[in-house]
Every structure is written in structure tokens, then in C-alpha cells.
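Next, two complexes with chain A in common: one pairs it with chain B, the other with chain C.
And now, the complex of A and B:
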């Protein structure tokens, strides 16, 4: 297979491979099951977020409120289940989380699809509204006793084992959820008319409208879907951390958008693949967790991520410019 | 609109509606808490508080007029403040350090413009989308600030430094004067010069601007340099008021600056925006947060109300229920 160097996916995959080779050379212990499970665990919540952000970017919008949706959802879910439905099993807890997230997403959806407001501004506003509402009217104290369903989910492991040195490693069952989310979203985007419509709107709203796509309906679906995924991610985060801290997660939004854009999705919409998104998340997780293995102090983390964003988006932009100049 | 009463005419422009909101908020707070909100002490305290993020909002406004955005303003502000603080703590000898301070401030302004130049080259020459270019460069500037300090605050600034953020001239707080001068100058620059006209034209229609033979590359670079310089000035005010510099000061100001600019009627897709709108938005926000503070509302409720205000203003500005759909 010939490598296509104009694609972000190739670039990111090569950088990840290079990073791993360098890391393995400087510390042979890097290539271990423990490192892998550690990285995968760190990618679970980020991955679910990234898939949601990717769908919004494909539709030509942007969402910065998803972290607030997740924080709101995990807090409210933990509180409601504790008070009203402690008997709820783990899958019920996740379902409640998805429902709460979907409701909040629907608020974004009404403002964007219904009123036709710009997506960046709406989600910037709802970011403050959701967070402010939760901290003012619902609570600011972290919930340390999670409902039984979430506790049960927090203890579920896919595999666990012991390293040569006697320490333990484990992979959380939530990893399966992330994989399912990726597969389901891939199916929606690539095998259904709805998915085609999302790409079409991202490409050109006017053209999509003229071929008979219900633009408002599809946009509404997109923001509800992102809300559902954000709610799911929040509930998983609380279950894995074994505490629902309302101050968690918010502040992560630009890193997630960075991961998705590194993977080749364009802010203008209509372009990008889920493979790229997964690779982008993998790269950000690697940089956030393993920079130290290369002998780079962790204080350089944000410089490294910043450089990656500039190179990852600059190279394709520069190539496109050169191609346009050659064509002219 | 056939109704020609002054109020109705005022309500037709976004700035007019904003002025009504600012006055209404002021009146409401005065009624709710007359002895405290209207006190001289509260007025001066408000005047000290808002210039730092208001200047960042000005920086954001300039880039938004071209349809761009500058997400690196807080990174630039902190990086330049830290470098200025390091110069001052290294060089200060005897005296109150005025000379060293001026040197450090000049260096930080130059550095801010250099950072803006970097953004401008990325956007204008490499053709990166502004949101990504400044997201990436903002992380790099913040990263430099963290790497230089290891994440801790730089303290021990010379006494002269306190002047910018904490003194008054003829009873008027210095930061407020600084903001007023910057806002006035920027307003003149955008409405009375060829550069300002080019910025507005490019924002309204990039393609038409290109066909009108406007030097787009040069114009965009100047816009981002200007934004970097304003960010550096905001950084100095923050440094002076905190009497220290740190890599994560004012991280909540980034989205706040975007919010104020948009609330002020600046079109984030470019082409429309007036400095007076941004000033009114800043005032409305400050009246609201100080007033709410006095009637005992928590900081988190302020966040809620800011967000709600932004969405409300956007709905009023853009939603035309009876207009024909295009």
C-alpha cells in the first residue's frame, strides 16, 4: 500500500510510531502491557469526547460545551440515583447519564438548529450556563459515595494481571464502551443516510438544503448525539474516579478539539475520518502521559502539544497552498 | 420600523440595545442595593477590576473583525508578564526601580508584538485557520511561561510596578485611564484610517477585498501584531495588580474575552463590530457581577448569568420570527 503523505492520518500514525520507537530506545520498559493498558485507560474518556466533537466538526459546527455537559451529567446522575433509584444496575446508570446528557444537548440543538445561532457562541454560552447552574443550584461538594450501579461499573475490569516486578495492571471495562461508541458512530457516518447528510451539511449547508436534506433536523440530531456521548463520558469518568467532582473535566475542551483536528477533521466541516480522530486521541494521550520517557520534562507538555497542532494543521494547509499555486 | 420615538430608534442597533441593557442593569443594581452599589468605594473597585479583561476583549475584537480569533491572548499576556517580571527581579538595584521597570515593560510589549507576528505569519502566510493557529501558539506561549518558571509565581517586583494597576490619577484609577486611551485609539484606528477600512472590508468579504487589491497578508499580520501588543498590555496590568506573574493567571479570561466581544455586537465571522459596543458590554458585565456580588450571589451564579445574557443577546440580535426565511 502506498502511503498518502497529504493525509493527516498518515502523518499522525508516523509520529506515533516514531514516538514509540524513541521511547522504547530510551527506556526498554516502555514496551510493556502495563504501559499499554495505562495509555488505553487514559484514552477512554478522551476518546468518547473526541468522537462527539468529531461528529460536530464534520457537520460544520463546533461544540465547546461538552465538558460542562459531562460534569453536569455525572453530578446530577450520581445525586439522583443516590436519592431516588439506588437499585439501578450499572447499565441503568449509564443510560440515565446518556439521557441527561442528551437533554442538555437538546438545549444546544434548539438554540442552533431552531434559532439558527452560530455554534461557537451558543456552546460558549451554554458552557457557562450549565456549569454555573450546577455549581449554584445543585451543589459544589464532591460526591464521594457513588450510587451502587456506578460503583459496580467502576470495579469492572476487562483484564488484569501482574507485572514481573509484582505491581498490578488492569484495563477498565469502560474501554469496551469507547470501542462500541467508535463502531456505532462509524456505522452512522458511513452506512446511513443520516451520516451522509451530516457530511453534506458540513460541506455546504445550501447545497444540502437544495437536495432535500432536512438541515435543522440533522443539526438537532448532531447536538443531541454529542450531548449523549458527553453524558456517557461524564458518567464513565465519575465511575472510574470513584467520585463525582463537579470541578473535573471543564478545561479539557480545547485539548479534545486539538486531538480531533490533529486527526485531520477540518473546522470548516464536511471532512475527516474516525480513524484520524482515534489516532489524534492516541497521540495526545501519548504526549500527555509519556513525554517524560523521552527525557523531556513534563513542563514542556503544552509546548509539545502546541507544536504538534501547528505542524499537524500547518503542513496540510501549506501543501494545499502549493497545490493551488501549481494549478493556477 | 415606522415608530420614530428615540427609544425605538435606539433599539434598532445592537449597540443601542446594549446601552439600554447596561443602563437597566445599573439602575436595577442601584435599586436592589442602593447604599453599597452606588458607593464611591464600589465605583473605584469596579474601575480597577475590569480593565484587565476588557483590554483582552479589545484584542479579541480586532482579530474577530477579520473573521479570525485570537485564542493565544492569555498565553501572550502571561508569557510577556513573566519575562518582564524576570527582567525586573534580576536587574533591580537601589531605588524604586523605575528605569528597570520601563525597560522591562518595553521588552514585554516588544515580545507581545513578536508573538503576534508569529500568529500573523501562521494565519496570513501559511494559511492556517486562525482558531487553530492561535490555539497551538497559545499552548506554546503558555508552555514557555511554564518552562521558564516551573509553574510557580515570579515575585519580588520593584515598588514602581504597583503604579500601573493600583494608583489613581486625579482620583481616576490608572487601569481605567489606560483602557479608555486604548479603546479610544483603537476606535479611531478602525474607523478613521485606511487600515481600519481594510480590516472591515476584508472581514465583510475576503474575496472582494482581494480583488480590490488590498495587501491582505500585510493587513492580517498587522492585526495579529496589534492583538499581541494589546495582550501584552493586559498582562502588565494583571502583573501589577497581582504584584507577581504566573503562567496560569487569568486562564478564565480567555472565554470571557470572546464572550464580551460577541456580546458587544462584534460578528465573529468578521465584517462588523464597534469598539463602543465592546465597552458597553464590558460595563454591563461589570455592573452585573459587582451588583450580584453585593446582594450575595456566588461567583458561579455570575457564570450562569453571563452565559444566559450572551445567548439572550444573540437571540435578540439575530432571530427574526416574522422575517421571511431565505
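And now, the complex of A and C:
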């Protein structure tokens, strides 16, 4: 099979392989079940975020408020369930989180689809408003005693075991949720007319209007969907950390957008695949984790991730331009 | 006798006191092709919008198959089988050919899930119907303009079109592509589909039309069977005056060579291009799409880097592949697509002209001498007769002809020696076109060398002293102007 080097997916996959080879050479312990489960665990929340951001980018918009939505949701969900519905089982807790996230996403949706405001401006605004509102009016203290449903979910493991050296490894059940989110989103984007309409709007809003696509309706769906996923990610994060810290998550936006862009989605909209997004997340998680394992100071992380973005998105763009210049 | 497919009667529309359409009435029968001719601003686009249900007429009625429509909406119009193919085609560049063709039909059928099989079948069937083979999985952005147009036609057909309205269908097509479009129109007509061509460049579609309607300033000024019209009479009706094309004044015998291009080559694009351009000469370059004509034009201005050869201006070599050096040497380039390559659309007319002269009006420390700059800008607006209400208005508010003048004014202000004009009258109306040709003649009379690259063969015949024929990246012929007819030239290009 011939590799298509103008695709981000190829490049990112090759970089991931190369990175693993380097890591394995310098630390023989790298190639182990423990490393794998560790990486998967770290990809759970990032992955759910990234899928949401990917959908927005495909529609030609951008959302930077999702981390604030997630933080708000996990805090409010933990607080409400503790106070009013401690009997709620784990799946109920996740559902409440998704509902709260969806409501916040609907605020973005109304402002963007309803009033036609620019997406970056709206979500920059709501990022600040959601976070500020939570810290001012709801609370700033960590909730260390989570409601029973979230505690139950926090303890659920898909598999656990012991390494030869006596250390433990485990894979959290939330990994299944991330996989389900990827599968569901893939289905929506590629197998429903709604998903094709999202791609169509990302390709040309004006054309979409002219052939009768309900552009506002589709945009509203997109921002609610991102909100739902952000709420889900926030609830998972708190359950796994066994604490709802209102200062968590915010600040992660750019890493997530980086992962999605690295995977081939374009900020202009209409392009990209979920495969690329998953690979992008894998690479970012790998870099964040392994640089520490390799004994490289963590401040190098941001340099490394920055370089990856420049090379990972710059190289295909440069190759596409060269191909275009040859064809001209 | 059955009622015509569409009947307009006394349709009138005013915008803010300006009458865009004034009592226009005509009808279109099934399987009939109608030419709606008119210059920019004659009310053509308003008429399209009214038929598409986007705008409501103030007075007058529209009937589909004899049934008078009360309030026409886009939905009603589409359901009645009226499909507009806009000049920009309104396709999705990121989606595949199959999806572009079938999406509207699928949405119309109320589909919620994507059925790849059905989408491909629809696309395959409609493409077969017009006898075209385009790969179904190709992304539309990778297609040529002509293929994009075919995809747009196929999309209209996929939703049971009864009347296809084509807005400016031929302006971006080459001679040969227009031929194949006409063949497809004949197929559609045989199938009972009616076609309404809306354009100011209609002479080439006349042969497939039964009926011609000419609009001027919102009113119908002429109507009749197509065989009663020809290019000249159409132009006369559209402009209300005879637009004369005079052949270029002969070149003085001793005119010095201005630009000498030797063995210019870019592998796979153009090869061994050699020609000389004399002062005061207008040189035409004719070639089909893919003949290398556009790449050559760009290469002369450094936008495409040739790999071998030389360009000399007044005997001095011009660095290759460097537009800034080419401009400094005195070469100007007016691109084919002035909207995306030639103008800052949202900026003012004055700024669009002034941008070319910023360095000349810079005082110490890079501060601009604004009064001199604006003074010169106003002067050029006047000299090129740009009809602009206000030099501070955005360029996008101007008509095509006036936009082209703004691009020309920008270059003229720099005092160039050689101007390369790529498709100088693409998308401008007939009246403006004659005036642009007049400007070209004036430029040559002032001693500039002008190179005109165009698909519009009558344009080349009317403006050029000499015409170079380009085929497969090579200059195959060098014809003195006036030695060939338009048909003869078309034949040489296609053979």
C-alpha cells in the first residue's frame, strides 16, 4: 500500500510509531501493559473533549468554552447529587452531567446559531462567564466527598492486574465510554444526513443555505452536542480523580484543539476524520507521558507539542502546496 | 394546447425607489431553451431571484403550468422543478462528486441516514443522463470549472428539474467546453427539460435557443425567435447603442522591441516559449484551458517560476519567479480572477488604486504623503472613467467593468512598460468590454507593450496586432491580426 504523505493521519501515525521506538530503545520498560493502560487512561477525558472539538471544527466553527462547561458541570453535578439525589446510580450521574453540559452548550448554540455571532468570540465569552459564574456564585472549595454514584463509577475497572515486578496496573471503565463516544460520533458524521450536513456547512455555508439545509438547526445541534460531551468528560474526570476541583480542566482547551488540528481537521471547516482526531490525541498523550519517563524536564513538553503542531500541520500543508505548484 | 411551464406577466420589482424590473412578461415551454440577455444592472439577477422564490415581485404574476402562484417561496419554486445554477455553482468543495449530486435529492426524500449505495446510484444515473464521466469519489475542489458546472447540472437533474436556470453559464468556460455544454443542453431539451440562459455573453448559446428575451434597465426591450438575433443585434438591444469594434491601429514599422522572451520552459506546463513584444504592440495569446496560457502569463510576472529561459525588458534581464522584481522592472499583471487575485474587495476604491503607489508617495521614515496619494488616485479614476459614486465606497459595490478599470488604474499609476492582461473582460458587460478594448488601444498608443490572454476569440481579433496560438504548452503559430477569422482561430485551437 502506498502511503499518502499529504494526509495528516499518515504523518501522525508514523510519528507515533517512531516515538514508541525511541522510547522503547531508551527505556526497555516502556513496552509494557502498564504503559499502555497508563496511556489509555490519560486519553479518556482528552479523547471525549477532542471528539467534541472535532465536530465543531468540521462545521466550520470553533469552541474554546468546553473546558469551562466541563468544570462547571462536574462541580454542579457533584453538588446537586450530594444535596438532592444521593441515590442516583453511576449511569444516572453521567446522564445528569450530560444534561447540564447540554444546557450550557445550548447557550452557545442560541448565541451562535440564533443570533449569528462569531463562534470564537461567543465561546471566548462563555468560557469566561461559565467559569466566573461557578467560582463566584456556586463555590470555590473542592468537593472531596463525591456522591455515591460518581464514587461507584470512579471505582469501576475494566481490567486490573499485577506486573512481574509487583506493581499494579488497571484500565478504568470510562475508557469504554470514550470508545462509545467515538463510535457514536463516527456514525453521526458519516452515516446520517445530519452529519453530512455538518460537513456541508463546513464546506460552504452559503451553498448549504441555497440547497435548503437548516443551517441554524445544524449549528445548534453541534454546540449542544459539544456541551453534552464536555459535561460527560467533566463528570468522568471528577469520578476518576475522586474529587471535584473547580480549578481543574480549564487551560486544557489549546492542547485539545492542538490534538484535533494535528489529526488533520482544518480550522476553516469541512475537513478531517475521526481517525485523525484519535491519532492526534494519542500523540499528545504519548508526548505528555513519555517525556517524563524518558527523563526530559516537563517544561520541554510544551516545546515538543508546539513543534509537533508546526511540523504535523505545516508539512502536509507545504506538500499540498508543492503538489499544487507542480500542477499549475 | 397545454399551458407553458412558466409564465411571467407584468412582473415589477422596485428596490428603495429604483425600478429593477418593470412589467416584464414572457413564457417558457417545456423542452425549450430561452436566452435572457441583458447587461449588468438590467434586472437579470432580480428576475432569477423572483423565479427562485427568494424575492417577491411588487406587481405581476407568475404561473407554473398555468396555475398562478400566490406567494412564491424557495420551497414552492424548487418543488415545481425550477432549479437555479448560480454562477459560483454553490457546490461543497470538500464533499465528493456523488454526495454533491445526490444530497439535495436525499434531503428532499426526507432521508435521515446516509445510504451510500443509493447516493452513488443517483449520481451515476444523472451523470449518465448527460453522458458525462466524472469520478464519483473525487472531491469537488479537485475538479475543473467545467466539471464543477456539470456536477451542478447533475445535482439539479437529480431532483427532477423541469426548468434549469443557468446564471452566466459560459463566462468561465473555454470554447471547447462551451461546445460540450451545448451538446448536453440539447440532450436535456430532448428530455423535456427547459433551460433559461441568463447572461450578457450569449452569442455562443444562441444556436441551441428557441427564444430570446432582452432586458435593458429593467424593461423587456426585445423578444423573438432566436434565429432573428445575432451577436451584433443582441448587443445593440442590450446596450441601446451600436458598440463598434475597430481593429487596432497599425504598428509603426520601426517600433523597438520591448520585451524579449526566449526559450522559457517549465517542464510539463510550457516549453520553449519564444516571442518578442514591440513598443505599442498588442499581442494576443490564444489557447484552451490546459494549454499553458495561464501559467505563461503568470510566469511573465514571476508568479510561476520557469526552470529555463530568459525574459528581457529593454535588453535587461528580468529575474524569473519574482513578482516584486517583475513589477519593479515595469511589468504589470492583471489576473484572470480579479475578485480573488486582483482586488481587496472590502476596501475602498481609492485604497485599491493607492496600494500600488505607496512606495512612491512615502516621505522620510515611511510616512505617507496622503494628499498627493489621494490626488493621484482621483486623477486615475477620472482618466479611466470609473463610474464610482464615491472613491471611499468598497470595490465590491462596483460592476464588473468598473472593477476591472480599478485594477487597470492601479497598474497605470505605476507607469509600467508592459502589461499582461489575463482575460481582461471576463464577467464584464458588452458596453464595458468595448470600453476596456478602447483602453487597451490607448495604452498601446502610448507606447506600452500589451499582452492579452483570452478565451474570447472575438476579443483577441478586435484588440491584437498579432495572435500567438498556444497548444500543449508550446507556441504553435504566430498569426498577424486580421489574417484569420474567429472560426478559423477556433479551429486551430481545437485541432
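What we mean here is this: the second predicted complex is superposed on the first by the 323 of 328 C-alpha atoms of A that agree within 3 Å, B and C clash if a C-alpha of one lies under 4 Å from a C-alpha of the other, contacts with A are read in each partner's own complex, and residues count from 1 in each chain.
Here is the rule we use: a residue touches a chain if its C-beta (ideal position, glycine included) is under 8 Å from a C-beta of that chain, and two chains touch if they have at least 3 such contacts.
All values derive from a computational prediction rather than experimental measurement.
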Would you check which partner chain A:196 touches, where first means chain B only, second means chain C only, and both and neither mean what they say?
second
For A:270, decide between first (touching chain B), second (touching chain C), both and neither.
second
Would you sort A:242 into first (chain B), second (chain C), both or neither based on which partner it touches?
neither
Considering only the touch criterion stated at the top, classify A:160 as touching first (chain B), second (chain C), both, or neither.
neither
More residues of chain A are touched by which chain, chain B or chain C?
B
With the two complexes superposed on chain A, say which partner A:322 touches: chain B (first), chain C (second), both, or neither.
neither
By the touch definition at the top of the document, which applies to A:254: first (chain B), second (chain C), both, or neither?
first
For A:212 in the superposed arrangement: first (chain B), second (chain C), both or neither?
second
Chain B residues touching chain A in their complex are 71, 122, 126-129, 131-133, 135-140, 142-144, 146-147, 150-151, 251, 255, 258-259, 262, 268-269, 297-298, 300-308, 310-311, 314-315, 318-319
In the complex of these two chains, what residues of chain C are touching chain A?
74-75, 78, 86, 90-95, 99, 103-104, 106-107, 111-114, 155, 268-269, 295, 298, 304
Which stretch or stretches of chain A touch chain C in the complex?
190-196, 199-200, 202-204, 206-208, 210-213, 270-271, 325-326, 328
Chain A to chain B touching residues, read off their complex
64, 111, 115-118, 120-122, 124-129, 131-133, 135-136, 140, 251, 254, 257-258, 261, 267-268, 297, 299-310, 313-314, 317-318, 320-321
